[in-house]
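Same chain, two partners: subunit A is paired with subunit B first, then with subunit C.
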Partner chain A sequence: MSTKEIVARCEQLFEDLDFSAVKQWKAAAPGRKAIGYMPIYVPREIVHAAGMLPVGVFGGGDQLEVIQGDAYYQSYICRIPRSTLELGLTGRLDCLDGMLFPSICDVIRNLSGMWQILFKDKYVKYFDLPQTYDDATGGSFYVHEMQTLRADLARLAGREITDDQLRASIAVYNDNRRAVRELYAYRAKKPWQAPTSEVYLLLRAGCVLPVEEHTRLVRQYLAQADLEKRAQRDNARVVLTGAFCEQPPLGLIKSIEMAGCYVVDDDFQLVQSYLLEDVSAAGDPLEALSRAFLHHSAQTSSKYDEKKEDKGKFLLHQVKTRGAEGVVFAAPSFCDPALLERPMLQEVLAKHKIPYTAFKYAENTGQMAPIREQAGTFADSIKLWSAA
Partner chain B sequence: MTTTIGIDIGSGCVKTVLFRDGAWVAKRVERIRRRDPMELAKQGYDEVLEEARLAPSDVDYVATTGEGENVKFATGHFYSMTTHARGGVFLDPQARAVVDIGALNGRAIYIDERGKVLSYKMTSQCASGSGQFLENIARYLGVAVEEIGPLSKTSQNPEKVSSICAVLAETDVINMVSRGIATQDIVKGIHLSMASRLVKLLKVTGITKGKVLLTGGLALDAGLLAALQEELVNEKIAGLETVSHPDSIYAGALGAALWGEFRHGKLKELQQRVAA
Partner chain C sequence: MNTAAAKKAVVKDDAMNLQKEMIAENYHQLARAHQEGKKISATFVPGNLNELLMCFDFVRRLPETDALQNGMRKKSGKMIMDAERDGHSEDVCTYVKSDLGMMLQGEVGPTGEAMPHPDVLLLSYTGCFTFMKWFELVRQKYGCETLMLHVPYQGDGRINPAMRDYVVNQLKDKIIPALERISGVKFDIDRLRSYMRESQKAEEDLVRVLQSAKQRPSPIDGYFGGVYYIGPIFTAFRGTPEATRFYATLRAEIEERVRQGKGPVTPEGEMAEEKYRLVVEGPPNWTSFRDFWKMFYDEGAVVVASTYAKVGGVYDFGFRHDAERPLESLAEYCLGCYTNLNFPQRIDMICKYIDEYQADGLLINSIKSCNSFSAGQLLILREVEKRTGKPAAFIESDLVDPRYFSAANIKNRLESYFQMIKQKRAAAVH
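Moving on to the complex of A and B:
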């Protein structure tokens, strides 16, 4: 497949709000089950080891009209829970046998409760993630949480999930994470060869494809993208942050690029790059997953920073290692975690004299002109007035 | 020897300029008239190269501005605020603000002596402060666009129109025509209403004294220039002087070419630093 064909396939998967790929996967063999999960992070290895398909549900995007979903939330709540409810209430998520709601914020926690009431025939779990990071407390809590999930999914699958199966799944996901890391590294090196609008679609394909297929697709894209000769433009290199939960519309990503920015790092689809290193595929698999989460995972605003001096450390690291010249804070409207953390991160950037700009969006934002203008003037200010 | 080309795709015209070692060598302006702006950009690019007797390989940086983000052969794109500011200082080094009035938008930009944008304010989406609106009115009144300025200056009793909405303003004009108001008074009224909006934008930028250079497609409209000066007096802003320049329409393209030259130097410097 050429780059164009790969991107077209990913776009088709991205636009398909009926989750046909999931239905096809289930139909290919009797008894197959699929488990949905919301952003930001769940240990997909456990779902995979149960022989099930983990399906990322990242809201309805800009193509879904929310009618019923609006009745469940006040106007000052972000859009992703409404559009996710809309997906559920209109039967689009009927292909899922369960839903996992990881701890992101109160809104998603409430959504997990609503899901239990609305979809009584489905397996629903609020998947709590630790907010203390020592192995004795946070670790044992997290291992217990994963053990519960493992037991629940084993019941649903009608079979045990063995340690060997978990270790094999860890190895499969390690490979996927390596492929995603290669993709991010390649984009940072040659952002004109791998535009973020394409990289994003490729990541989104990982929501619905089996992980092995997704890994192959990412590597195929990398090989193909490098063969193409695309024009390099004099753009500003930026890190985009704040978009870890409700995703921006594809048009917004394209607008930022069109405005003269090369996005060289981001926090879209964090689940695929949350664990920064390989998880040990030897020993106790849940302990290994726990250690990776506690000690080698990305910083994000829905995760507590134990020490004040650690605030912004990860963002600074992204800026430095990716050779970024500035930061674009793009967060969904009413996203408490991202918007409350933003001033703290901005303070850190100001201290390090890293320029930044900030705006809000919703997954169905349609007016791109103001964002284009803002991102464009930001890129200009970096190119013309920065000290470098 | 550095050669840069600046292309400004506006909503009414495509403007192209070529610079060679800091000297302005060639210029082109082409009205869009329902044609593909991308093709006109390529045409302008080819024409300035031909005029300068240069080949594409001689060009170090092609900079676009305005709606030129999608020009495939561009090296980089700069936003209109940035380019009009730089182009304004190039055309008049004393300018400390630029008022860019194009076919679709108007914007006031407060700048320093280097052409750095200190603050700016744009008209909202309503088109009543724009060149397209003025052109429409001229068509209703049966007046050629180039006659608008001189005609406006002959007005004795200007009749002000709504300064809020293009639709309401057009209704106002129809009413005025049926009431028998003289064409020059209608035109002057429109100029005053546009000037009133532009002066408000200028005030918001925070500038209180210095030269204000008009750029964009309406910069050479003598009637608008006079109306702006009158509005400044009405608003008791004594420290500002509005001026125009024969090449004001090229300000965006000029700024793009000049920033392109700057960026070319900077990128070269970065490459040398990396190599060292």
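Moving on to the complex of A and C:
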């Protein structure tokens, strides 16, 4: 497959709000089950070890007409819970046998209870992630939380989930994480060869494809992308941050690129890159997952920073290691975690003399012109600044 | 004062006056704390560990109380705008911005007295994600040491032993040693026990007061009046002898009102006739608190039970601080606060109130700032209507941002709601 064909396939998966790929996967063998998860992070290894398909649910994008979902939310709540409800209430998520709601914010938290009420026949779990990071306290709690998920899924699957199966799944996901890391590294090196609008679609394909297939697809893309030489432009290299939950429309990502920015790092699909190193596939698998989360995971706004000095470290690291010249803060409107975090990160960037710009979006933002203009001005100013 | 103004003079019962004095005295102590060599703690109302903080001689600040006091004194609007000018988004919780705005204006608290920076921020992370960002923001600006106490959410509608152990372990291994270090005071579990015994007495009396609203007429308003009743126990006073005295006085006062068959005291005197009995979900608006309340008592509407009166502890379903199991009990307290309950639990609780307090229906005051309360409230409305057959209504405002209180809209909405209740009653009779 050429990059064009790979991207076309990913785009088709991305646009398919009926989750046909999930349905096909389930239909391929009797008794198969799929479990949805919302942003930011769940240990998908446990779902995988249960023989089930983990499915990322990131709202309805800009193609879904939200009617019923709007009836549940006031105007000052972000879009993702309403479009997710719309997907559920219109039967598009019927293919999911359960939903996981990780602890990210009060909106997703409350949505977990709404799901319990509205979809009584489905398995629903609020998945609490620890905010204290020592193994003895945060770790024990987290292992227990994962153990509960494991027991619940074992009941659903009608079979035990063994340690060996978990270790095998960890290995499979390590491989996927490596592929995603390679993809990010490649894009940072040659952003003209792997535009973010393509990388993004490739990542989104990971929401619905079996992980093994997704890993292959990422590697195929990487091999292919390097063969097809594309024009290099004098764009500004930026890290995009704040878009970890409700996703911007694809058009917005394209607009930023067209305005003269190469996005060299981002937090769109953190679940795939949250764990920064390989998880040990030896020893107790849940403890290994716990250690990875506690000691080797990305910083993001819904996760507590233990010390003042830690604030912004990860973002600075992204800027430095990717060779970025500036940061674009892109946050969904009414997103408390992203918007409360922003001034703190901006202060850190200002201290390090790293330029930034900021805007808000909604998953159904239609008007790209203002954002394109803002991103364009930002790119120009970076270029001027670096020329000076 | 002319006669009209005299008539409008605010009427308050003894307990209300007493609580006002207590809160003023706390601000006084805060203002003097550093000069007197005392340390200051700040912590949030839900899951506040007041008894524990007292063991280390901290003078205790509760930033939500500061924000609401600034709101009631009409100072919060400017503070919020200052914070927005300083780079904070218009979309986020106004309690946070009011607090940050207050600090930007200098170290002056709501009463006009000095408001020194806390020496420790005890981040009781219960029932609201914004709390974490709030204290991170304060820490970023002022460098205060911050202690995270992560309290898991009751996603399955119950507290399991792992959740409780997690909180207890954090208290033992992290929070208590850090508080000892910061305060220089050694932890004494018997001291904690003695405070918890005081808490229990006050909690017992508070529950009797809140449940007095099951009477007809209700001797209290469990939302607007309730705010005064919960003030001391939800803040710096739970566990003190003053709080015990306050709740004993309050209970005696209310029991006397019940004996006399009296209705609630409002700022304009005793309410004449109880026409509507409501359950309210969501916090009140503080910037127009008095006007908001008036819209109810003018129409003869009494709030017999409110979920807001449970944010600092759900005592009416049996929880009491237990001196025999001090740390476990503190953990259960944190885990059990209203906003830490899941949706089915919140709905059950409201339906129970409607039934047990013989309410005419549910009113939701949806607060723009507060995703913890507000996200999904329209489902609560539908479910409660479906389950109880009682009418429900929805209004929107904000806590301390005066830009989001539209008196005319809210009044209209309330008037049509009262009409709706009347019609429902008439239909039930025929």
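As a working rule, the second predicted complex is superposed on the first by the 385 of 388 C-alpha atoms of A that agree within 3 Å, B and C clash if a C-alpha of one lies under 4 Å from a C-alpha of the other, contacts with A are read in each partner's own complex, and residues count from 1 in each chain.
Following the convention adopted for this analysis, a contact is a pair of C-beta atoms (placed from the backbone, for glycine too) under 8 Å apart; a residue touches a chain by one contact, two chains touch by 3 or more.
Predicted model, so just to flag it, every value in this text is computed and none were measured.
K.L.:
Is the arrangement of subunit B and subunit C around the shared subunit A a clash or a fit after superposition?
P.N.:
fit
K.L.:
Using the touch definition from the top, say if A:Asp234 reaches subunit B (first), subunit C (second), both or neither.
P.N.:
First partner only, subunit B.
K.L.:
Vertex at subunit A, arms to subunit B and subunit C: angle between C-alpha centres to the nearest 10°?
P.N.:
In the superposed model, the angle at subunit A is 100 degrees.
K.L.:
Classify the contacts of A:Gln74 with the two partner chains as first (subunit B alone), second (subunit C alone), both, or neither.
P.N.:
Touch partner of A:Gln74: subunit C, not subunit B.
K.L.:
Pick one for A:Phe119: touches subunit B only (first), subunit C only (second), both, or neither.
P.N.:
A:Phe119 sits against neither subunit B nor subunit C.
K.L.:
Could you look at A:Trp192 and tell me whether it touches subunit B, subunit C, both or neither (first, second, both, neither)?
P.N.:
Neither partner.
K.L.:
Would you sort A:Asp380 into first (subunit B), second (subunit C), both or neither based on which partner it touches?
P.N.:
first
K.L.:
Of subunit B and subunit C, which one contacts the greater number of residues in subunit A?
P.N.:
Comparing subunit B with subunit C, the partner touching more subunit A residues is C.
K.L.:
Minimum C-alpha distance between subunit B and subunit C after superposition, to be given in whole Å.
P.N.:
19
K.L.:
Any idea which subunit A residues touch subunit B in the complex?
P.N.:
231, 233-235, 258-260, 372-373, 376-377, 379-380, 383-385, 388
K.L.:
Touching subunit C in the complex: which residues of subunit A?
P.N.:
71-74, 76-77, 81, 101, 103-107, 109-114, 116-118, 125-128, 130-132, 134, 136-138, 140-141, 144-145, 301-302, 304-306, 308, 311, 333-337, 339-344, 346-347, 360
K.L.:
Where on subunit B is subunit A touching in the complex?
P.N.:
Listed in rising order, the residues are 61, 69-70, 72-79, 81-82, 116-117, 259, 262-263, 266-267, 270.
K.L.:
For a test of understanding, state which residues of subunit C touch subunit A in their complex under the given definition.
P.N.:
The contact residues of subunit C facing subunit A are 86-89, 91-93, 96, 123, 125, 128-130, 132-134, 136-137, 139-140, 143, 146, 148, 150, 152-153, 155-156, 162-163, 165-166, 169-170, 173-174, 342-347, 366, 368, 371-372, 374-379, 383, 396.
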